[in-house]
Each structure stands twice: as structure tokens, then as C-alpha cells.
């Protein structure tokens, strides 16, 4: 299922013939990214644009403003002398959380911002869009490289926020007793996934990580050698049907399955199943961006925390993969799948016609047992004031592969996503691994 | 400043000639109340309709739905057999908080209800309006009394919510760094209030309380005798200028001025001035429904808790009045003033031309030192399932007189408003009293 | 059951022949009070002296130190020039909570004070005892009145803390899974209380309140006339057996029985019965200072909040008495009963041989429906820096009569005790009243 | 500074001649461990035995009981048929936290347990000691291996708790305004540490981890190869003087130095210096188990969280070491140093006479940048119901080397200690590393 709209987009690594080509390529990618964001909020009413249901999340309107703020403050302002913001207070309202510190935008305030209206925020986006293209047109050859690097990061940043926006909308809609749908549901998919099977790997040295300079992605560098023991990796993610067996086996009541912190999360949160699973009238139902649906045993389990992924694996007698194991297998597969551009808003049951592994990219992010720490030899980039991933290198676990709401460009064999282990709002699932591939 | 729009409205006590007259009078008052609510939300955008900034408050949209829900469930449903609600789930969303217990509308959910949209809620209002008028037209003479009593309570309920709606909008707008205005400001008022002066009262037995049946107002019954010692009552409320002297004298840092609970509130809340006072660039400014303005020393101080009113009185060497003292003085004055119908959205400086007392009605609610307890001889009405005021007869202090956002019909000499002593979002101020009028 | 040990003690109002008599009387009362406190902690180990299980409570050791601190700072220091405290830091550790503000004794610290040891605190008491008696001996006739007034307040203060100490120990022992007993249980009491009966009162003007000067008790002044409607008062408190019927009738699940704040307390606190009731192996048991015992239906119900008292009364079709009603009846009875000096540590079933009312003093404090507000004509005493009751005149309800852990001197017809309505650790129960004594 | 008392103790790996030898060796180690714990609480009063100042910590009395409980339930009960506990309720009171789940020992209850008294708990220890030795004497050759393995774990467990006990006492004493000392201070140490210098390492493959079976220490297995890049490691830990420069340079106010979670901890906790640093009268003082002392710039900085260690390293232009780097250097040094047995209760300035590295063992635990995850090829031991370290393999960072309160046997080149990154009560400090050892 190729992502036709995004597929042709040149990536950051694409060599460019010259300045004009670079300008044009950037303009195209900038335009596509900005348009995609606008498409994602098209189904939302002005009122929907305000909802925020978690402290970590943000209203859609804020995502729109914040991604624009990065272009304004990190691309336009350094290069367009005399630039005057459309509304100076927006620099405060839409700043990154840390940048607001000390300027008193109290927690919970974002959900109160009925003003500026959604319409004003869209005008703000248009204003900044015009300025970026104006700058890209005018900047001389000397400055182009820096502008390009800054735009790359801001584009990447906006793509990340596209995913977060959908995750936030989903959670907020789920809190509404009306359980509204973000989009009308597609026709049912009756695919039956393949039975559990394994990809064997002989182990040995493998090269992992991203090669060369990578604005905003230094946490995926340097490319280096990891030495693996023989292992095997499940050919497809764990399904809802398989996970249901864990639930029904009392998995959420067995402390022996859980890490200490995981068990505390289960008790404190009253967890009894993945997020969005609801027991209604004698059956499990799952809330999706299409509204509430019956649980489909064939689709990948989703919206589990790392704690749940880890507990499931222990219950199943397996383990989660190391990120190096995952990448060793994934690097041989093309990075296509059920990603954001396909228009699906939910993981699909695996179509397992050809040889596996299947669904390495798209559908669900896959938790690994790797903590998010620097790669060997990693060097922190010079401090540019940008929010870099190095700031998050504690308390987080690595996820791999991308989900159905991950933009195409974000998903790559080397992509290291990272979340706190208790997070459940992301479209994250489980792929099992094991030490003992053959007798 | 008569409230011209509401002034002619017949009150609950008005004798009615016959059934038709009663039907017509009720229809008129119903219509006016419902229209007034619609007028109050006219300046709000659909996004404004969603904002909620305190746990006790509610979004404007919910006030619209909830007042309608009371007509639907307490007037229509008992009398219109076979009535089918427009949307059954609204009965859940818009129910009184206690009625929702056990049906899991989690705290904070109201602010998330982007659906139903403001437009749908207005349709719901129209639907119920039609049904109420239909019922009023059809109910036979036998049932009319009960329908009338139920409508009286629901009308009273909606009027109370009109005031709360404006208080909630004000607080939510204040939380927005843009400090938006609900309405454009009126031209400045340069009235200078009279200097402090006193109304002497000889004490002795006075009759207070409401006489006769009073649907929804049983807490103001029965009319009874209170025996007062001689006292005096300030001729006008405390002004911002007077209160500022307390602030500047370190009133918020002197524990001796405060009750124990009040002092705890000061420290826990970091209070340094009334709610909505902001120190900016070397001067006090006050947030109003007209936006942020300079502090006007002439206008009554507003948005103080009971704790602050009590501490101010102690600092001033005075005390707060008993509610019986207040009523003894107020019962000789007509219940008109700067109330909701005047269109002012803020207390005005006193126009003290004639003999005092001035501003007994309107401008600001006035805290008394009376706890909200039953009057002697009070009898609890038979339990009808209605939210009656008796449920609040603990932990609350009585306020008297009405504010600039209190509907005309609500303000009467006998009206007992009641709030927890820490509440500051109401338009509540201070009128001093003293024991020793003159030797 | 006369309180033989305390009964002969002269009260503050006793006329004294002259200075020597006053000195002697004060010395005696001082000595008795201090010795009584020491007796109350005799059953406690040094470790028991440290336990604190509620934020409002304090460890026994702190009660010992704090009552001593008041003598040191408010009696000795103002009159004994050059006095040097035994340990200056104790002035900080044992100060009243508000006096510690800003000097950072973090919440929860009291329970951590293994040092000073219980032994050192007892030495501190001895040191201060000696100094007080030394001062009382030396102060000249001129200063004696002030020293006497200060001692009266400090003695009263210590007596109040005797009661609180036992309440705090009881709660902390209850939190221990071993459910230790403070004292060995007495032989069982098989008294059967009289059936419910009523004391009729014709109403009319009654004199209530304390006459004349009253150090530390100004909140019980001035004596004044209250006009009562006819009423009747239950002849004895509500028993555990009667209250059990309320529990078994689902009283804690019926919102209609409760005030709004009470219902919130029930839900937030998960209340299902009075404090210290435990359902074990198919029967209710009650934790007492004698350990865990079977529920005795004959004894007065105890450790209920005002919310529960009020809800019970509503369920029973009655109401709580006004404090003036209570005093009108009680003022004809001698203030003796099951008070602290009897040595009982739990309410006893009523011995209802003679004519009622019974148990007006002792056994359990009785909640009234009167909020704790100033009496008409009350004048705040000049600020002496003492913790006066006026500081608590908001959010609290009045209790009358004294409990089995109330020192004899504290219980009087005019005594106004006051607690927040959610408090349950006090030995507080219920006496019903009604409006309609006879048809 | 050899730990003379413990040094001769055979470790778990020591080959034993036969059953008798094993019995005797175990008995000796059991006895020494139990006696050491008793020595550690000798300076504490019965009241000190009750103090608990953090939710994660526990009162000394509980540590005494809990370590005994493990011997009772995991060594005695499985092997001594018909064994009757001295007091069945102790099995509940002293159980591991998770084992108490569902049996309602509310949070905070431990600090309330005045009963059982310290004396009773010591009796409980004696009782269990006798039973363990009895069992060790009687168990037949067949069962000895299992008993031995169980005893090893329980001994290890108690040694870990010895360290925690001192950390908990220190924190609780620090909360006391009297700042009591656990022991009298030793004479001052005027050592001047060497200037900063580095141990160069060429990188390449190194063997790390523990070889062979290791009851309770499976998280240190298997021994495996890690491939290191060239690096250098500081020859000694960071001193207080060096850390003070970071503090004075505004390190706690510079968000760029911190990870996102670290910065949140700084702001939420109001951190301005390491735990136990107090600014008094113009100078930094440090609270120690000897009481409050002047900051000694020569001693290793201690009681820093991982966040602070990481931020300091970034500020200094360095980084924290990987645990493999640490072990590669440390494995060539004998595991002796300022550990628990030396009797020092605080880190000492480095005596850097010989060639470095110095202070690899003892003084302070050293934070690494390694997350606590399983070693490659790690196999979870069969579930024995024991609390194994695998349960903690998320959200924690590895520390190496041991501190001045770490028992001798615990400190080894392979020892992996692990704590949440926000923990500051452990004696944890910083040793820097760097990537670029040579030009």
C-alpha cells in the first residue's frame, strides 16, 4: 500500500543539482507539509480545534500555531531583517513549553484559548507561509544552506506534530460521551493475518544508525557496528486477538508479569486493557478515529504502554527486541506501509502474502527493550537553541517503524522514536523477539 | 437607573386573574428569560462557548444546555406523555452534577465537549422552548398549578445561571493572555462617590424573610421576627480606593486581620489583592468584562472572598452586617439598581445624590457575617427531587443585594444568596456595619 | 457518675478571698492540670509519643511540648525578666502552627521529631513548671491579675489539648494493623438505655451565654436573650443501634439525606459508617481506646461528622438542635457526667433512672445546627497575640456538652465547642430535636 | 583503608570443601551480617527507630523487621515444617511492599508503628536467627544447596538494606530542625585531592559482567564482550569544590545544561544545589551523619541525582561514562575503599598517592550514562517469587563502585546498582568521562 501522495517527495538526503533545485525542492516539501497539516484539521470544527484532554497533549489549534511559530522564530526572524510578527503575543502563546517558562502561561491554559480563533490561526499560518517562501526566494547562495537546514528541521518538526495532533484529537474525542468520529469509517477489512511465524537472524556484527549529517536527527548518528547474538523476530506484530488472550488470562492482575514500575502504573491507573478498549454490553469495543467499533482480533494491538508490551512479552515467554535487532531486520525492507499518507486512521490487519517480515513500517510503532540513550560515539551538535532529541535521553524507551498516523518521511529503518514507558496515546504496539531462533 | 427591560415583568407573587392570565404571564416570563440568556451569549464565538477555567464553573454551552435540561426533565417529561427527547444523551451531558454521579462524566469533561456544537445546543433550546409552550397551552386547569410551579423554579434556575455564565466567562477570559473583552467598554464614568457615611438603626424587633409559598425559595421562609441591637450600616459599599489602602497597609501579610481559614487561603492561594487585580508596569489594573482597565478608586471593590471582606472589616475597625440588619435597612428601599438588565457589566461608582443608603441592590453582592442556616421555624419542602437551597446549608455565608450581573427578578430585600467563603469569582463586595452607632 | 478527682476544683468564676487565695488556687489548678496531662501519657511508650496519623493532629510529645510552650512564652517570658529558655529551639518546635509560618517547619515534620526524646520533653515540662510556680510566688499584687489571666488561658489551653491528645492517639493506634489498646478494657457494661423519649420546651425568650469576663472564652459572651419557638429535644443521644438502622437502610448511598458538601464528603472519603466502625467476619466492630470491640447497640453513636449527624436527623425525620435550644434545656442540669476525670475512655450506655434529659454532659459532644458565629453584641477582646476562638468563626459548627475525654472544667452549659463539619476524630455524637413537640 | 572486619569473608563464589564447610561459612556470614545490622542501629533510640521522611524510605525498625521477614518466609518456612511464626501479623507488617498489596497497609503507615516496639523487633530478630541456625544445622545434604542459595539472597538483601537504612536515617535526621547527628564526628581530614587527571583507555573489546551462577545477581550476567571506542575516565570523582563552581555559575538556572526531565525536576523540586547542602549565614554547609558541617571542597560531591550528574558533565564539557567503560577500568583494581566496614559515614577526600584511578570503590556511587537494561543474552531466572532485579529494568540508570555506606561484599567490579534518575538520598556522586583521550 504505497503512500502515493508523499512517495515522490525527495528526502533530506537527496542530492540536489544546484541552488535553484534546492530552493524548488524545499518549497515543494514545505508546501506539501503545510498543506497536509491543513488537510488533517479539515474534518474538525472550530470547537474541535480547542479540545485538550491530557497535560502532555495540546489542542489542534495550538499544534497549528506552534509549528508555524517555529518557522517564524527559527527560519524567518534570523534571516529577514526588520520582520514584524503578525501578532507579537502569538510568539508567547505558541512557543515551545520550555520557552514559556517564567512567562506564566499556566498549565491548562491552552485549552482556554478561544481567542485567537481557529480562523485567525489559519491566517497566521498563511502569513508565515508567505514569508517563508519570500525568504527562500530572496536569500542569497551564501545563506541558503543555513536557511535550508533550518527549514528541514521545521518541516520535520511539523511532521512530528501531525502525528501528535491526531493522537491528541483521538484522546479528546474519546473523553466525549458522544464518542464522535474524526472521519467516517471505511468499509470493513476482512483480512486474516498469517499465524505467528519468525524471521531468523544469525547475529554477528551489523551496521546501524544514520550516516552523515542529519539536521534534527543527530540522535540517530553515528552509524556504528553492533554485535548481535543470534535471535529471531516475529514476522508480524501481535494482534488484538493474541493480546486478548493475555487480558483474559488475568494478565493485568499478575504482578509477576510486570516490572515494578509497570505494576505501579497498572494499579495507579486502574488499567485492565489497552487504552481505548471498552467493555460494553458483554463485548470489547475499541474507540478509533472512526468512532467506536467492535474489537477486530485480526488487527495489530495498539495504544499499549511499554509496560504492557513488556508484560505481554514476558507472559508469552518471549521478549521485546533490541533496537539494533529491529534495524538489522528492517534495513532490508523498503520503508513503506500503512503510514499517514494512505489515509487510513487505524492499523490494518496484516496482508501477509509475500515473505515476511510484514508491517515493519506503518500500522503501529513497535516498542523495543532499548532505552533511549546516545549511540556510541555520539556527539552533541553545537547548541543552536533548537529542541534537540538529546534532551530526552533519559527515562524513555525506543520505538521503531512508524504508525498509521506517521508521515511517510518520518519512517525510515534508522528512525528512533522515543516515549516515556507509561505513554499510551501513541499508536504503539508490540513485535516479539526471542533469543533462541533454532534448537 | 431602572432596569427598563425587565422592570415590568410580573413576579412570582403577582396575583393573576385566571388561568389564561397565568398561562400568558408564564409564557411571557419564560420567553423573556430564554431570550435574555440567548442575548448574553450573543457576543461569544462557538469557541468561546467551550471555555471552562475552574472546577466549579462550566462552559457557556453547558449553561445553555443545562438550563434547558431542567425544563425538559422537570416540566415537560412529567406532563407530556410520550415525549421523546431530541437527543437522549443530552439528558446525561447536561444533567445537574449530582445526577450524573455513577454515570462517569469525569471531572473536566465539560470543557472537552466540542460536540454537540453550539449550534446544536441552540437547536436543542428551540426544541424545548416549543415543547414548553405547547405544554403550557394544552395543560388543563387541573394541572396548571403544578406546571406553573415547575416553570417558576426552572425560570428562577435559568436566571441564576445567567449570572453564573457571566462570572464563568469572565474568569476564563482572564486566564487568556490576550485578556479578551466580552463587550466593548462604555464611555468612562467619572462619578465621585460620597465619603463614608452611616445609616443609623435603633435596633429592636424587625420582621425578615419571605411570606407565603415560594417555589424554590423556601430558604427565605418563614417570615419571622429578629431582635436587633442598635447598629449602623455604611451608606455605600467599600470602594476600590478604600480597599487599596488595606492592600498597601500590608493587609494580606497580617495574620491578625484574618480568620484561621482565611489566612490559610491567603497563603495557599498566594493572594495579594482581590481577584482580577493585576500589577502591571507600576500600577494596579483590573480585568473586567470590558477587558483590562486602570483601577478606578471610585468604584465598589469586587471579587473579594468572604475571608477578604471579613479581614478588611477587621482592619477597618468595623464588622460585616448580619443579614437581618441588612434586610432591616434594605426593606425600605425599592429593589432597583445596577442589575443585569441595565446592560452594565461592571459595578459603577455610587451616584449618591439623594439620601442613603445607596447601591443596596445591584453593583456588588454584599457579604454578611451570617452563616447560611435555616431560618427559625423553617420547614423543608417535600422532596420533589429538585435541587433546593437547603442542600447548601453548611459552610456557606449569606450575601445580599445582587450585583451588576444579577437578573432583576432575583434581587429582592429578602433574597438570600450563599457562597463558600473562599469564592471570588462572583461579583461580591463589602458593606461595613458597626455596633455602636452613636453614644 | 461524679468526676471525683476534678470535682472540687474551683472554676475561674469562683470568688477568691485575696491574693494568697488566688495564688494558691491557681497553683493548685495549674498543678492538677499538668499532672493530669502526665497521667494521660503514662500508658504510652516513648515510641507511642511520636505517632501522628492526620495532618490536623499532632504526636503526643508535641502536645506535651506545645502546652508547655504556651506557659513559657505567654506567662513566664512577659513577667520573668532575664528568663532563659532551657532550649531555644523548642520555642520553634513547639510553637502554635501559625507562629511557625515562614520559619519552615514543613508539614509532616512533627512526626519525625525523634529528638528531643520524650524524656527530654518531660524535663522541659518540669523546668517550666518550676518557673511558673516561682513566678506565681514572686509576682507582686500589681501584676498578679495579669499573670492569673494568662495562666487561666494556658490552663484552659492545656485542658483542651488533653482531649485532642486522646483523640489523636486513638486515630494513630487505629491506623496500626495491630490495633493496640491505650488502656486495658473495663468490665462490660450491660446497661440498657431508655427508649427514645422527648423533653418538651414551650419556647419563648431564654438567656444564653456566659456572663462577665472570661479569659479565652469571649466567644461564649455576652449573655443575651434568644427567642425560641416551641421545640422538643431528645432525652438521650442517638445510640449505635439506632444509627445502625440508618446504615443498614442505605443511608450512606442516598444523596437525598445529605447536604451537598456532605454528599461530596461521603463519596470522596468512601464513608460507609462512622469512623472506627469496621466490618469484620460478618459483624460490625468498633475500635476504641480499649482496642477493637463488638458494636454495642446501647452506647451512644460516636465519631460522626456534622454531615453524618445532619443526614441521620433528616433520615429520622428530625433535625439537629439549635445551640440556644440545647442550652435552654441544659442550663437546668448540673454539668456532671462521663467526662475525662471518670477514667472512662469511651461513651457509656445511658443510665436513665431519673427524669431526663440524660447525658447532656460527657459521653459525646453533640452537634448542633448552629454555625459558629459571634453572639449578638460580641466584642472582640483586645488583641493579645493569644490564639482566640474568634479566629475560627467561619466554616465551623457548634457542638455542646463535652465527651468522655473532655476535662471536667471544660464542660459547662455555656461551653461552645466548634469543629469543621467534616471532622470525625472527635468524640462527637447526635442528639435529635424537633419543631413540633405537641400537636 | 581496608575494611578489616569484612575483608576475610568468603564470597558466594568461594569454593567450599564440603557440606560442613559450607554450613560453617554460611553461619559465619549470616551471623556477621545480622550483627552488623544490629551495630548500625546501636546509636539510635527507640524513637529514632520510627522515623520515616520519604515515601520510598522506611523506618529503621521496619528495615530490621523486613530483612528478618525474608529469612523467615523464604528460608525457614519452606524448609522447617510446622514452623510457627512468633507473631503472625509480622508477616504482614514486614512484607515487601508489593506483597502487601490488597491487604491494606496504607501508605504512610510504617511511620505509625509504635507497636511492635523496637525491643520486640529485636526479639523477633533473635527468634529468627535461632531458627535459621537451627535449620542450617539440621538440613540434610540434599537440601543444603537450596537453603544456601536462599540464605545467600537473604544475606545480600540485608546488606543492601544496611545501606538504605543509613540513607533513610540521614534524610529523616535532616528533616529535624535540631539536625541531630547519628554519630559523633571524627577528627577533621585535611587531605588535599590531586588535581583533575585522566586514565586513558585505548578502547576495543572488553569482557564485562559476572561469570557463572549468582543467586540474586542474575542482572550482572552473563559475562560478555563489549566493544569500546577509545575513551578516558577521570582519575577521581568530582569534588564539592568543583561542583560548587557549577552551582555558582548558575548551573541550576541554565536549562541548556539539563535533560528535559531533569529540568522539570529542578523546577518542580526547587533544586538549587545537591541534597543536604544548606546556605546558612553566608556559607554553604552540608548535613552529614555527623551533623551539619562546613562544606569541604576536597571531598567528593555526594547526594546528586542522575539529572545533576548529567547536567554537571555537560556544563564541564564532558560526559558520564558507560558502565562498560567504568568496568573496563575498575576490573584492574582491588575492590577496596571507603566502604561501610571502615566506619566512616561520609565520603573522604581522595588520597591520591599512587597511580590512579582512585576511589573507584567506596566513598560515592558513580552514576553512569547506561540505562539499567538486561545484558545481551541475559536470561531471566526461573520465577522463585523472590524480588529480583529484573523487575527494575526500566526507568533506572546504572551506578557503579559503592559508597561509604555500602557493605564490603556488595562492592565488586561487576556490581550494577540502579536507581531512578531523580533519586538523591543515596550517597551518589560523579566521575567524568570523555571521548577523546588523546590528541
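Read from first to last, the chains carry the letters A, B, C and D; within each, the first residue is number 1.
In this text, a contact is a pair of C-beta atoms (placed from the backbone, for glycine too) under 8 Å apart; a residue touches a chain by one contact, two chains touch by 3 or more.
Here is each chain with its UniProt name: A, B, C, D = Ergothioneine biosynthesis protein EgtB.
Quick caveat, the model's predicted, so the values are computed rather than measured.
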Shared chain contacts [chain C and chain D, defined touch]: none
Chain located farthest away, centre of chain A as origin (C-alpha): C
Chain centre separation in whole Å, for chain D relative to chain B (CA means): 61
Averaged-CA centre spacing for the pair chain D and chain A, given as whole angstrom: 38
Inter-chain centre distance, chain A versus chain B - centres from mean C-alpha coordinates, in Å: 48
Chain A, residues touching no fewer than two other chains: none
Chain-level touch network, classified as line, ring, star, complete or other: ring
Residue ranges of chain D in contact with chain C within the complex: 45-53, 89, 92-93, 105-106, 108-109, 111-118, 172, 175-178, 180
Chain D partner contacts - residues on chain A that touch it in the complex: 98, 101, 225, 227-229, 255-256, 258-263, 267, 306-307, 310, 314, 322, 369-371, 373-374, 376-377, 379-380, 383, 390-395, 397, 421, 435
